[in-house]
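Sending over a structure as structure tokens; questions will come in a sec.
Chains here go by letter, A, B, C, D and E, matching the order in which they are written, and residues are numbered from 1 within each.
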Amino acid sequence: MRAVCAGAAAVSLLSLRDVRFAFPGWPATVAGVDLDVAAGAFHCLVGRSGCGKTTLLKLAAGLLRPDSGEVVFRGRGRDAIGPDIGFVFQAPNLLEWQRVIDNVLLPVSLHHRPRPEEAAQALQLLEQLGLAAHARKYPRQLSGGQQSRVALARALILQPSLLLLDEPFAALDAITREELQRDLLQMCRARGTGVLFVTHDIAEAVYLADRVDVVESGRIVQEIAIELPARTAQTRYSPAFAQRCAEVRAALHLEAVEA
Amino acid sequence: MRAVCAGAAAVSLLSLRDVRFAFPGWPATVAGVDLDVAAGAFHCLVGRSGCGKTTLLKLAAGLLRPDSGEVVFRGRGRDAIGPDIGFVFQAPNLLEWQRVIDNVLLPVSLHHRPRPEEAAQALQLLEQLGLAAHARKYPRQLSGGQQSRVALARALILQPSLLLLDEPFAALDAITREELQRDLLQMCRARGTGVLFVTHDIAEAVYLADRVDVVESGRIVQEIAIELPARTAQTRYSPAFAQRCAEVRAALHLEAVEA
Amino acid sequence: MTRARLASLLLLAALLAAWEAACRTLGLPKLVLPPPSAVATSLWQGLASGYFWPHLQATMLELLLGVAGGCAVGFGAGIALAESAPLRRLLMPYVVASQVVPKLALAPLFVLWFGFGMTSTVVITALICFFPLLENTLTALQQVPPERLELFRMLGATRAQTLWRLKLPSGLPGILAGLRVAVVLALVGAVVGEFIGASRGLGALVIASQGTMDTSLMFAVLVLIAALGMSVYQATLLLERWLLLPFTRNS
Amino acid sequence: MTRARLASLLLLAALLAAWEAACRTLGLPKLVLPPPSAVATSLWQGLASGYFWPHLQATMLELLLGVAGGCAVGFGAGIALAESAPLRRLLMPYVVASQVVPKLALAPLFVLWFGFGMTSTVVITALICFFPLLENTLTALQQVPPERLELFRMLGATRAQTLWRLKLPSGLPGILAGLRVAVVLALVGAVVGEFIGASRGLGALVIASQGTMDTSLMFAVLVLIAALGMSVYQATLLLERWLLLPFTRNS
Amino acid sequence: QNTPPRLDRIVVAGWNKPITEVTPLLVDEDKGFYRAQGIALEYVPGAGSADAIRNILAGQADVAFSDPLTFFAALDKGEKLRAIYDIYPQNVFNVVSLKGSNITRPADLKGKKIGVYSLASGTRQGLQVLLHSAGLSESDVTVVVTGLLNFAPLMQGQVDATAATDTGLLIGRRRGLPEVNVIEVGQVLPMSSDLFVVREDVYQAKRAALQRFLRGYADAAAWMMAKPEEAAQLAVKRAIDGTDPALNLEIIKLRNASSVSALTRRNGLGALDVASLQAAADTYRRLGLVQKPLDVGKVVSQDLLPGRRGEPG
């Protein structure tokens, strides 16, 4: 699948060119990043806490304006943010006065009163995320992991062509996590969605990504292409998988931790 | 070390006896839990998102009152919550109008104006958590993982005899995470701190715990004793470690995820 | 609930008893402080004879119109000023000026502009009650957590949508605190408006009863005013409880 | 900032010009609406001759004392009522009653109780201005995120600590909105209090100038009142900006 | 039935709410004094004579119910006004003190604490006139504002004397005021208490209607004198403060008394005493209450008065 798109710059969904950003009065947080996400491509960003991943994602989304460099989404500058990007914030960021189902339908209801088929679609999404029983609860009545799944459903409801996900699975148990990794991957493959995915879980990054970008001090210091056969339940136990993981661990200087 | 304490019920720091709890109007969230944490013991709770881990932790802390059963901390009923328990909430829960250092010193400053040596201790803790440069920032100026580390520092500052930690490392990168796992373990060993630690990371649970409790639908369905030699940098790569991980994975029905 | 109400009633009874006793033992002239019994008699007579009704009606109508107008303006202006910092800097001095200048002194001008009768009183009422709502709306709308604002930007929400779907719901508790102050001030506004340019209404009655130094009648009217005030306040509380249901509901 | 101020001044100039023009072309009698030029003359004369100063001083002193007293009471009562639901149910009706009963009607009695001179005006001022602060404090203290409350319970904080270290700081923006309303109302209270029971102060001056039909003098006094109001409001804004620094500071 | 004749609308601006004192202005529905003259009468309230004058200046009303000083003050400010009817030729103001305080002459007021309704009220001006007659001024006494319940501080001993009106004193007595000394302002300055005042242009444009209005008012006043009991009963219904018919009757009797003078007995109700008004204007100028000299003869008109014809037989 990826081979189809790889070469053509024209299908690049999102591209960042030498993007720099500093919070006023502080040293640069993002210090010159070049990045391309093609339609259907799945990029993972890994890096130490505080290295600038969230800031990079917000720059890509147009929530922050770069001090220099440019961010281009579908050929246009990132001034008009639209519903064609799904964003999952690092914290769930739900509206506490709306029920789960209404939180999920929020992107729809900003355009029109949700139609029954859209409500059904939202319910199905919740079902898929294991939250069908919680649709009429308020966010305050959910566990942490449940809230983060609601946020994910909200980002997916409009079937955007680009997903920017900031540690969406961090609060999930291993089993839910692996299920959702599988489902997300299937969905993005099927729809040709481009994804920029921040995670701290190396296995997750390797399982999901076509390419893992290692961020350090606001720069992408290494780009690791992950060439694995189509993911199956066995992928995680294959030697190739373990080797890719080791590569990423090495890029993160992870073997250096002493007891 | 654990062998010293294991047998004696007298040194049980925290014990829950047939604790049950339901949010009013909803089915039981915690449905009969028995649990003992001895001084110096390190328990990990694992289980699917929404299974009741946070609720259980809050019951243990006395933040929620059980519908039936009893919670005993240091031989006393859990009516008076005191500073002898360090609690890390699932979300960072920092005071947004106080600087990082003041957030860390909050538990101290509720007793007296922090003395210089206490401020120094807080700074040292921040240093250890990789946040020394951020001590005078406000929480809104920190990344997600930095915020969660501040919350951890706040829970540790009073050197409590019991730590209740709700996914404290979920927002951290692998390298920081492994460093902090090592440091936490050392610290708790040295001080004889009892720990109840919620995590979704199986390797983390196995690395840290003397015992992993698997929670399912508000019940502890399996208790897996982890008998490994003292943890070193090599522990994670030992076959024994892999085997314990597999055991926990099995208990969590994790191998059942199909592609 | 019933216990609190009981306690409240008991306290009231105790206060009244103390007041009555003070009047009797100190031998205070009625002119200085009428005993509650005399006030009660006046109140009863006024109600039974129908003397109070047209005045009560007039005041209630003015109150209603004034609250409606004032709250609409206060809410609208609060939104406008919250959304536009230049507008705020431009207009806020005038808003403050409109508040500190005593309406009592301007009443003749209102009469000049709005004529006699209800209109000027309604305008005074609205003018008095719009300010707390404005201030609270202004503050509440600016207190939205920034990450929610980012969410709405991300969703491509228009400014109006961000306002209606995010800022207003999340500022609701603060706005409603302003509303509570506003309805209470509105009644004061209506009554004070009637002091000057009205020949009807509870305010006119207060002045008239002062003119005949009928202090027990005056107190009876004040009791009516207080009762009216408490009912609108209670109504606001009910409205508030209903509006805040999504924030409190647990099932 | 300077641009906004410029715009504000321009607007003021435009309004004044329109007013002056209206007075001249419509031939409105000076007694009804004096032209700004006449008001300016009166204002200048009053200031230059020193006629206004003692009155201004009196009003400012009353305002200061009234605001201090009213805010202390409003803040204290807001805290007490927020902390205790039974107390709230018990006392809130009385608080509301104290607000809706027009002080102007009670002023003669206040004079009897507190004597002539400053005290009764200060009491009226305090009585008028405590309510918005109370309501906003009440609301703000109850809006603390529950997880922060859990944190403080976990830390074994006493009730007082939870109040001072958590509820008050986190409710500060709302409380300060109440303060803004309170200081503005306080000036109204001081002026209205001076209508009755005082022979000094800007309120007394308003009434006196009404008596002599010196409308331009009355407007000049109203201008003074408005200026005083705007300065205390500005002072409150500065205080607010300073108090909210921890919420806004970025370096 | 005949179609009713077209009525001319006349709006009277009062200095107070529609109270018992002004019953002649409130009973048209029952007695038809004004309808009979082809006048549709309306009453608009005010808080003080200044409001009444302002209301006619602003065109909100045709006729103001104003005391002379307020009238003079408006003339002094350059307004074109005209007095057309003397409502109360008697001075109704007084200064009241408790019997024991031995204040019987204006000179006794020196150094005392004296209450007035408000700084804008006629009571204060009355006090000033009295003080002036004794060679004193406001600075020789302490003036305090008491509001309408002005006898309460007197009874409580918070003031030594209080400036009031005849009806105020009457009501005060009914509310428990003990024995008092009364200094009447009329002793010093016998003059009118209230006039009907109109704008010069209204005077010119609505002469006929005003004349009929005054006839209606004179008839109403004459009726109130002839049938005080009936008036007291009607006030219960029409006046905002008329709940007590017995009190109404006493007030009405006082107002009846202040509505007549030697001059009105000669020339009919409403006759204006130019000489006493001129004396009052001169006094006020000496008091500094008006600045310019005033020729009262030029601003009063007797030509709309009903004359003796208006008196009932």
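By definition in this document, a contact is a pair of C-beta atoms (placed from the backbone, for glycine too) under 8 Å apart; a residue touches a chain by one contact, two chains touch by 3 or more.
Protein names from UniProt, one per chain: A, B = ABC transporter ATP-binding protein; C, D = ABC transporter permease.
None of the values given here were measured: they were computed from a predicted structure.
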{"item": "Contact-graph distance - origin chain B, target chain E", "value": "2"}
{"item": "Those chains which touch chain E and also touch chain D", "value": "C"}
{"item": "For chain D, the least number of touch steps when starting out from chain C", "value": "1"}
{"item": "Two chains joined by the most C-beta pairs in contact, as defined above", "value": "C-D"}
{"item": "Remotest chain, chain B as reference, centres from CA atoms", "value": "E"}
{"item": "Rounded Å distance, chain A centre to chain C centre (Cα mean)", "value": "51"}
{"item": "Geometric centre distance via CA averages, chain B-chain A, whole Å", "value": "28"}
{"item": "Averaged-CA centre spacing for the pair chain E and chain C, given as whole angstrom", "value": "36"}
{"item": "Set of chain B residues in contact with two or more other chains", "value": "23, 91, 141"}
{"item": "Two or more partner chains touched - positions in chain E", "value": "54, 58, 147-149, 152, 156"}
{"item": "Residue numbers of chain D (touch at least two other chains)", "value": "32, 108-109, 112, 195, 210, 250"}
{"item": "Touch relationships between chains, expressed as pairs", "value": "A-B, A-C, A-D, B-C, B-D, C-D, C-E, D-E"}
{"item": "Chain D residues touching chain A - in the complex, by the definition given at the top", "value": "146, 250-251"}
{"item": "Complex interface listing, chain A residues touching chain C", "value": "58, 61-63, 80-83, 85, 87, 89, 91, 93, 95-98, 106-107, 109-110, 138, 141"}
{"item": "Residues on chain C engaged by chain A in the complex (per definition of touch)", "value": "147-148, 150-151, 153-157, 161, 165-166, 169-170, 172, 246-247, 249-250"}
{"item": "Partner chain C, residues of chain B touching it in the complex", "value": "23-26, 140"}
{"item": "Parts of chain D lying in touch with chain C, wherever the complex brings them together", "value": "1, 3-5, 7-8, 11, 32-33, 86, 89-90, 93, 96-97, 99-102, 104-106, 108-109, 112, 131-132, 135-136, 138-140, 143, 173-174, 176-178, 180-181, 184-185, 187-188, 191-192, 195, 203, 206, 210, 218, 222, 225-226, 228-230, 233"}
